[in-house]
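Input: structures, listed below.
Note that chain A is present in both complexes that follow, paired respectively with chain B and with chain C.
Take a look at the complex of A and B:
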């Protein structure tokens, strides 16, 4: 067991290291000189050289990489010339909003998939099943930014049930003291339920817009798995003990149906945590996705590099959690 | 094979002596390819402590009958008519809640394939205790645990107490089938429906598991419906046999009688197709000619007629469905559903 954990950790480190090298190289081989972008097209050759030296671009690639990665580990993620800020500061400002939105989008996708997956298979009502399948196709086929617009038009403009884009918390509500950077968690830590409810109110529409596609995918997977599992003889055996349909589903069918969806859930979760450009744009959400796209367009190396490494860390971390969960719910993997 | 339990011979059985009474039971599967009546208006009784065998080839409706008795037929299948009386109460008129108090308590199921009949992500102990706790509200978990360990010991799983923590994948097929038996006998039911309980096991394990099973049901007086296609197991285990063909019980008699003198041509064919090493040195194995009929398109007459060697295309067999008739004197009375039954049984006498 210990050995497995150690080798898993080592593998994770290798993956992150590999991602950092790829991120580094990709952006170096692209045409265009980032120092030129900083000094401007009219600057003299000397000024350009001086800027390149300041940015370390005169060094060999391995030296550049070494400088970068050692600095990264010490908290120096580089300087964003586009924004005129250290990258770390930008991430600290933007990443929590994306992670929080991604988390709730996943929560929505997952819970909705479980509830509707159960509804589709429990008692095997063909009409319910057809409705759930239609919703799944809808979720997978609907572009998230389009859905985001529709949700805004319907629930904000027309019905006025949910707040519009631009904020994460009503101006009238005092933000909870920052502990984690996630507004809902900070509100809970501070015991401020009003702020929590308000933050959820703002999160709801973007989370649904972002979570609809993964929901469509997950509910499809879960429904198919539940159908497979409920056809297994052991379900009949459980029923023959006198156990009711609901307990049979919750105790036996669901845990078994979860196992094959874990990997997919993990990938979806990791992807959602990394932010989404279009949904963030529509809701004017201060997340990382829009920052990264702007930085790519500006050739703002440092931001993109840091984002790739952070994404790699998120994926590796989420996958490690998935592995642990596998061990917990599937005894066949434990030994 | 000497048992001090009531067998088919003789004394008229009182109503109270009957655990299960199946009356005119019909189960159909409604699919896009048509309606498949897997169980076609079947009648039979199971007396207390009786070991009844139901034999037939694949697709004869044996498993559908088993699940119909427990009320666990799943869509697209459903019971369309008839009664299933367990201890005098009709299970078909009960709601789910009442059924959940009967299943696992008064009757239980042992399933075909031990590999897939246990939940792979729950411990053996949890799965045995589940049924105990369900039917004994208020029982402490520690006591349920003791009972589960006792049951596992009863089915001769070594180191029972420790094995409660194991998962199904850590058990062999034979051991899993023992666990299944432990689950089925946990609440000392009046009836166990065992659907091909040993089919997936090798012959040696089969015999061991069957011995354990027989010892336990006889010590508790539990009646068993053993569904199988293995006539060897029937001969060893059952007091009475019912032969199923295309959803009907075509013959019903004591094990001794049926092996001595099969009444239905299908029974005779089944018996003949058991390989006998001492007789057939190098000859071909006997098999019943043809295939079972599609349940969606049954012949107009006797459903066995197209494969029958006895009728040889008699107009009567082709045009009219035979009805079950009692033949023989009372002591070896049997039920045969064949136009030629009385004639065939006369001939042999």
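Take a look at the complex of A and C:
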């Protein structure tokens, strides 16, 4: 078991390095001189050369990569000329809000998928099943930024139940002391339930908008797997032993149907970070997504490069964790 | 199509109402896209300052926007852009990805390994960010946006076709063709490629939705099509600033167009897979 985990983690590291190389090469291949963007179109050739030397662009590609990646590991993620800030500082300011939003979006998607997946298969009611299937198709077909707009129109503008875009916490509420950077967790650590409830209030609409697509995907997967599993002979055996329907589902069908859902969950959780880009824009959420979009539009590629490496790291390690979780859920693949 | 085939088709349609409904939705969207400009009197770009921000009515079924353009006319034009770009992206992506998968699956060894690692690396990127970066890097606009989206979709075809090719290569009929003296080119073109077509088509239908949504997303952040072209994503962006002041219709209708197009193709893809797959019933959604 331990050996499997170690070799899996090593493979993950190799994949992250591969992604960093591709990201590096890719952004160098794109037309346009990054130094020219910094000095401006009117600067002299000498100024351009000097800036290229300062940015290391006169070196060979392998040397440039080596410089970049050793710097990256030492905490030098480059300088964002668009924002006039080191990239690491920007990420430290912005990443927590995105991870928090992604976490709650995932929580919504996962819980809703389990509840509705069970509802669709539990008593085999065709009407419930059809409704869940329709919800899943809609969830996967909706552009998240459009859903965000609809949610704002209905729940903020028309009904006034949820707050509008722009804030993470009401102005009247004292923000909890920063420990983790995640407002809801910090509020819980400080024991401040009012701040926690208020932060959830602000998180709800963006989390639903962001979680709808993964929800559609997960519920579809879980429903199909639950149907497969519940048709297998061992479920009949369990039932004929006199075990109740609920216990059959919770103890036997659900764990068996869970493996593919778990794989998908890992990938989805890792992708939420990149996917939050558009929802963040609609809700003015101060996260990494809006930063990356602005950086792309400004051709501020230091930020984009760092984002690609960070999301590759998250993607690869979340999937490694999922692989380890398999062993815990399914004894057959423990070795 | 012969009469017998037609009857069989009608029977399938009657038995699968969701398939019929999704075909109908796509047909309606296609008709609006192609014939809308001829049948509907308003021009998608015509500004009418006396009719700004009108709610939906009989004259303007989807209302008008902030400079009085008829949203229904823009919706139809948007359908044309989304559907045609979606189709173009899916076809080029399927051809490129299919070729890579075919080469990879047949050659094996070092070339296979190199191609698949490249595909893995592309998959490790957040797809939307990659598409955006490519679009910006190549200068923006509808064509580069389509190219960026196509690039991010290639690995999905390549991996699937590769595994399909490896599976088919080992089937007895390929061995039989070899024994009968067929050369490699003949085996690949006449025996392997035709058997990957159904997989490729189903994957293409599934990725059509992704392409349409990604194009709208690029339009939404200001890449891809530019104002005033009525692309659905751009229209949603325009609607965003009016959503909180009560003019919901500007951004809401184009989203329904996207939802209808994507949901219909995804149902279509699943249904066709069920009908083609002899084991049937797989993930019947």
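Operating definition for what follows: the second predicted complex is superposed on the first by the 333 of 335 C-alpha atoms of A that agree within 3 Å, B and C clash if a C-alpha of one lies under 4 Å from a C-alpha of the other, contacts with A are read in each partner's own complex, and residues count from 1 in each chain.
In this section, a residue touches a chain if its C-beta (ideal position, glycine included) is under 8 Å from a C-beta of that chain, and two chains touch if they have at least 3 such contacts.
Just so you know, these numbers come straight off a predicted model, no measurement behind them.
With the two structures overlaid on chain A, would chain B and chain C clash, or do they fit side by side?
Once both complexes are aligned on chain A, chain B and chain C fit side by side.
For chain A, which side has the bigger count of touched residues, chain B or chain C?
With both complexes superposed on chain A, more residues of chain A are touched by C.
Identify the partner contact of A:141: answer first if only chain B is touched, second if only chain C is, both if each is, neither if none is.
In the superposition, A:141 touches chain C alone.
How wide is the angle at chain A between chain B and chain C, using CA centres, rounded to the nearest 10°?
It works out to roughly 80 degrees.
Does chain B (first) or chain C (second) touch A:111, or do both, or does neither?
Neither chain B nor chain C is touched by A:111.
Answer with first, second, both or neither: which of chain B and chain C does A:307 touch in the superposed model?
In the superposed model, A:307 contacts chain C only, not chain B.
Is A:297 contacted by the first partner chain B, the second partner chain C, both or neither?
A:297 contacts chain C only, not chain B.
With the two structures placed on a shared chain A, what shortest C-alpha distance in Å links chain B and chain C?
Checking C-alpha atoms only, chain B sits 10 Å from chain C at its nearest point.
Contact residues on chain C for chain A in the complex?
117, 120-122, 124-129, 132-133, 136-139, 209, 213, 216-217, 220-223, 233, 236, 239-240, 243-244, 246, 248, 251-252, 254-255, 258-263, 266-267, 282-285
Note which residues of chain A are touching chain C in the complex, please.
By the definition above, chain A touches chain C via 15, 18-19, 22-23, 26-27, 30-32, 133, 136-138, 140-143, 145-147, 149-150, 152-153, 156-157, 164, 220-221, 223-224, 271, 273-275, 277-278, 281-282, 292-293, 296-297, 299, 301, 304, 307-308, 311-312, 315-316.
Which positions of chain A touch chain B when the two form their complex?
Against chain B, the touching part of chain A is residues 124, 232-234, 236-245, 251-252, 255-256, 259, 329-332.
Over in the complex, which chain B residues touch chain A? Could you list them?
67, 70, 72, 74-75, 96-97, 99-105, 108-109, 111-113, 116-123, 130-131, 134-135, 167, 169, 180, 183-184, 186
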